[in-house]
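In the two complexes below, chain A is the common chain; its partner is chain B in one and chain C in the other.
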Partner chain A sequence: MTATRRFTDTFVVVLAMLAVWQVLHLIAGSTALPAPLPTLTYLLHNVTTDRFATNAAATIEAFFFALLLAYAVGLAIGVWMGAHRLSGAVGEPILVALYSLPKIVLYPVLLLIFGLGISGKVAFGALHGILPVALLTTGAIRAIPPVYLRAARTLQLTPWQTIRTVLLPAALPEVFTGLRIGFTVTLLGVLLGEMFASKAGLGSMIMTDMSLAQSEDMVTVAILLFAFAAVANGILLWIEHRLHRRV
Partner chain B sequence: MSVASLPSREIHAQLEAVTRVFPAAPGAGAQPPVHALGPVDLDLRKGEFFAVVGPSGCGKSTFLEVLAGLQKPTAGTVTFEGKVVNGEVADGIGVVFQEDASFPWLTVWDNAAFGLRRNGVAAAEIRRRVDDTLAFMGLKDFARAYPSQLSGGMRQRVCIARTLVLQPRLILLDEPFGALDAQTRLLMGDEVLRLWRRTGASVLLITHALDEAAMLADRVGAMSARPGRFIEVIDTGWPRERDSTIVGEAAFGEITARLWERLRGESLKALGHAGADSMAAE
Partner chain C sequence: MTRVGLIRLAVIVGAIGALELACRIGLIKHQIIIPPSEMASALWTLLASGSVNADIERTLGIIVLVIALSIVLGFAAGIAIHALPRVRAALDPFFATYYAVPVFIFYPVLIAIFGLSVMPIVLIGVATAIVAMIIATLNGLDRVPRVLTKVARVHRLSRIKTAVTLQLPAAAPYLFTGVKLSVSYGFIAVIAAEFILSPAGLGRDIADAYADFNNRRMYALILFLLIVATLVNAALHALDMRFAARRSGGRP
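Take a look at the complex of A and B:
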């Protein structure tokens, strides 16, 4: 029953967004925002082109490595700061300050270091993702009740068993929140990177389309990115709710 | 009850001149070392129910953690079944804490089975022991529930069940009912008496409630303000078959009054009361 309800809700939201789109189209005109129906029909044509396939592949590749890097580095920093009190006390305010900075101002620096290719995009995407993953992991580890550790010792667990069967599951729900947010902002970082300094990827494709006034191309790519982000976030949220429900 | 189940004179766990001093905290705003406990001497007899009462902050919990092997004694020796306990939890000791230590990501059943699974016990044996213990603790109908769906008292039962399945011979309870309301506490007291009788284990209960100690224990140790020392050990003389209805007996009132007489001055000291010494001297 809740499943059908959720489906109806989603349907209503999508319908409302299409209506808003139509209204915006009437206000802004076809060059800025083409109407929903022609765009959606054009979408089917656009996704079958080689140009789309090449750019999508470039974005997926960059996003994959950026996410891998963001998760690996973010989790490592988070575990370290969560487990070691002094590191956390020193590191956390720094990361919080960095988190609030508009990271785009650092992009030129990254470009000079990593160049215009995939490494620049990956670095910029990862830069976005590392911070929330690290901060939420730190919080997750600190929030583990100390009594769990004492219980683990009275149950005579080995250190490895303690990590695997007590600390990991205890921290998992909140760590997963960090991974979900990290996913979203890493995607944002990669696309931003592509838009401003790249010859490949969906971000750069949008910018090229804009400069060539191919608004239908531009909007179809945007729609697909929206859909991808929304679906991925939905799945991650669903997992996250299942993890949190028990706690 | 048979004679064999009566508390024997056999020593089960022993503390000799045990002290615990927490070292000074390093760095700026350094705190001096804190002498939390002792010296404490105690012979815990096999099968007895011993309660420790004392003013808050007197080192009761430190006492339990040293005996459990969760903390090393600064000086002195702790032995359990003839072996020295020194910062490692010995086989046969089970601990239930004041805080809710049930694991929220596991069902009640899996919580109870947790310790057994880590010890490589056969699946059929795990099933038998967990089902048995859950039935005994009145948790059978909640086996598939998660702790978040249970009340505080029920969650504490889950923690007790998780300890009981390991068949401990010495059960240490660190104010396990401190967070519960008074009625639930009385009922949980009955539960503890029941499991003490059935398992035949020795039980050591830490509590701040004088009536709880007087009602449950064979012997009650009254602890002084910090550093905690036993200022008196009272024999209650209760029969092994007993329950919370003994709160109506005259002896219960006498024991509670005697405990309070001994502890009143110590409690005032713990509060930092100026006249504590002179009042305690009376």
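Take a look at the complex of A and C:
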């Protein structure tokens, strides 16, 4: 009963959003904002075009490498700062301060270093993802009971064995939270990168659509990105809850 | 200063010094990054000339407006949603996913609707910042101890008096978290919007300087925004510490 009611209520919220969209469309006119129904039918057409496929592939490629870099560097920094107390005490406030800066102002610097191609986007995406991954990993490792580490020392494990068999399994649920947030912000970073001075990717496609007044294209791409991010986050959250329950 | 603080200072100064040295001896080309000392002197000249004053006023004005709107409307919306449990249950899944989806991707859509003006920037800023305040308000009201409302009933306090003297102070730490996030998100969204496409403002200035290969101006403006953001964050952190100290000390 309650589950169905909640489902209906959420459905009502979705309907309300569509109604707001319809009203905005009536105010703004079709060229600025197409109506919901034609847009949703257009969506099915848009995803089959070559233009969408090319740009989606470019975004996926950049996002993949950015995420790889963010996870690798973020985990390395996090493990180091979590395991080495002094480094953590010195480094954590610096990372927290960097985390809340508007990173977009550093994008031109990255473009000057890496150029306008995929490397600049990858670096910018990774820059967003590294910090939450590093900070949450640091916190996760620091929260490990000291007795685990004493046991590792008694067993004379090498540092690498300690990380692999003791630190990571114990810290995994919280580290995974970092990976989930890293996923979200890296995607945002890559898209932001594509929206500025880029010729490929869904972010640049949206900007081109805007200048050409192709509102239907623009809105469908935005909705697809929303859906992708929401579904991915849902799956990662599900895994995260399972990991938390296991411990 | 503590030992850790001293080491941290040394790390930061060392990093800036290393960048300065690498730029000076030509390890990093002047066309890519200019030495930090030159960034500072360029910023000084730029501020003294007064040529960016209009853009500074515009951008900071928009940021203040966005933050004020987000905090006031977010707080009001939070109270309203908290009073309606069924609405809240329906909205919860949206709140949980909100910061996981790239809301910023709607900025071009807003430009298409409202034209290239202040309006899309303010809207995308509020859209980014307001939900943090709503969530924080809901959290705060959830955490008000049941006993406080009972005390209020025993003392026959009016609804408003209960809210002001009991509920608000009890929820204050959570509300402050919302304020902190709103400030940070509002700042980031406005600068990003200006940078990507806008008629004027500091973000636009940086993008223009980048396009003109005017590195002195670009790095001066970047340094300016980084300093402002750091000062704002440091001030919020100091306030946070003070609240925490007041909560833990004083009362039994």
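Criterion: the second predicted complex is superposed on the first by the 206 of 247 C-alpha atoms of A that agree within 3 Å, B and C clash if a C-alpha of one lies under 4 Å from a C-alpha of the other, contacts with A are read in each partner's own complex, and residues count from 1 in each chain.
Criterion: contacts are C-beta pairs under 8 Å (C-beta built on N, C-alpha and C of every residue); 3 or more make two chains touch, one makes a residue touch a chain.
Predicted model only: the values in this text are computed from it and were never measured.
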| item | value |
| --- | --- |
| Touched partner set for A:Leu116, first chain B, second chain C, both or neither | neither |
| Partner with the higher number of touched chain A residues, chain C or chain B | C |
| Touching partner for A:Ser100 - first (chain B), second (chain C), both, neither | second |
| First (chain B), second (chain C), both or neither touched by A:Val13 | second |
| Chain B versus chain C as contact partner of A:Leu192, first or second or both or neither | second |
| Which of chain B and chain C A:Ala213 touches, first, second, both or neither | second |
| Which of chain B and chain C A:Ala143 touches, first, second, both or neither | neither |
| Shared contact residues on chain A - chain B and chain C | none |
| Parts of chain A lying in touch with chain B, wherever the complex brings them together | 145, 147-148, 150-151, 153-157, 161, 165-166, 169-170, 172, 243, 246-247 |
| In the complex with chain C, residue positions of chain A that touch it | 6, 9-10, 12-13, 24, 28, 31-33, 86, 89-91, 93-94, 97, 100-109, 111-113, 184, 187-188, 191-192, 195-196, 203, 206-207, 209-210, 213, 215, 218-219, 221-222, 225-226, 229-230, 233-234, 237 |
| Chain C - residues contacting chain A, complex | 4, 7-8, 11-12, 31-33, 86-87, 89-91, 93-94, 96-97, 99-102, 104-109, 111-113, 184, 187-188, 191-192, 195-197, 203, 206-207, 209-210, 215, 218, 221-222, 225-226, 229-230, 233-234 |
| Touching residues (chain side chain B, partner chain A) in the complex | 65, 68, 70, 89, 91, 93-95, 97, 99-101, 103-106, 114-115, 118-119, 146, 148, 159, 162-163, 166 |
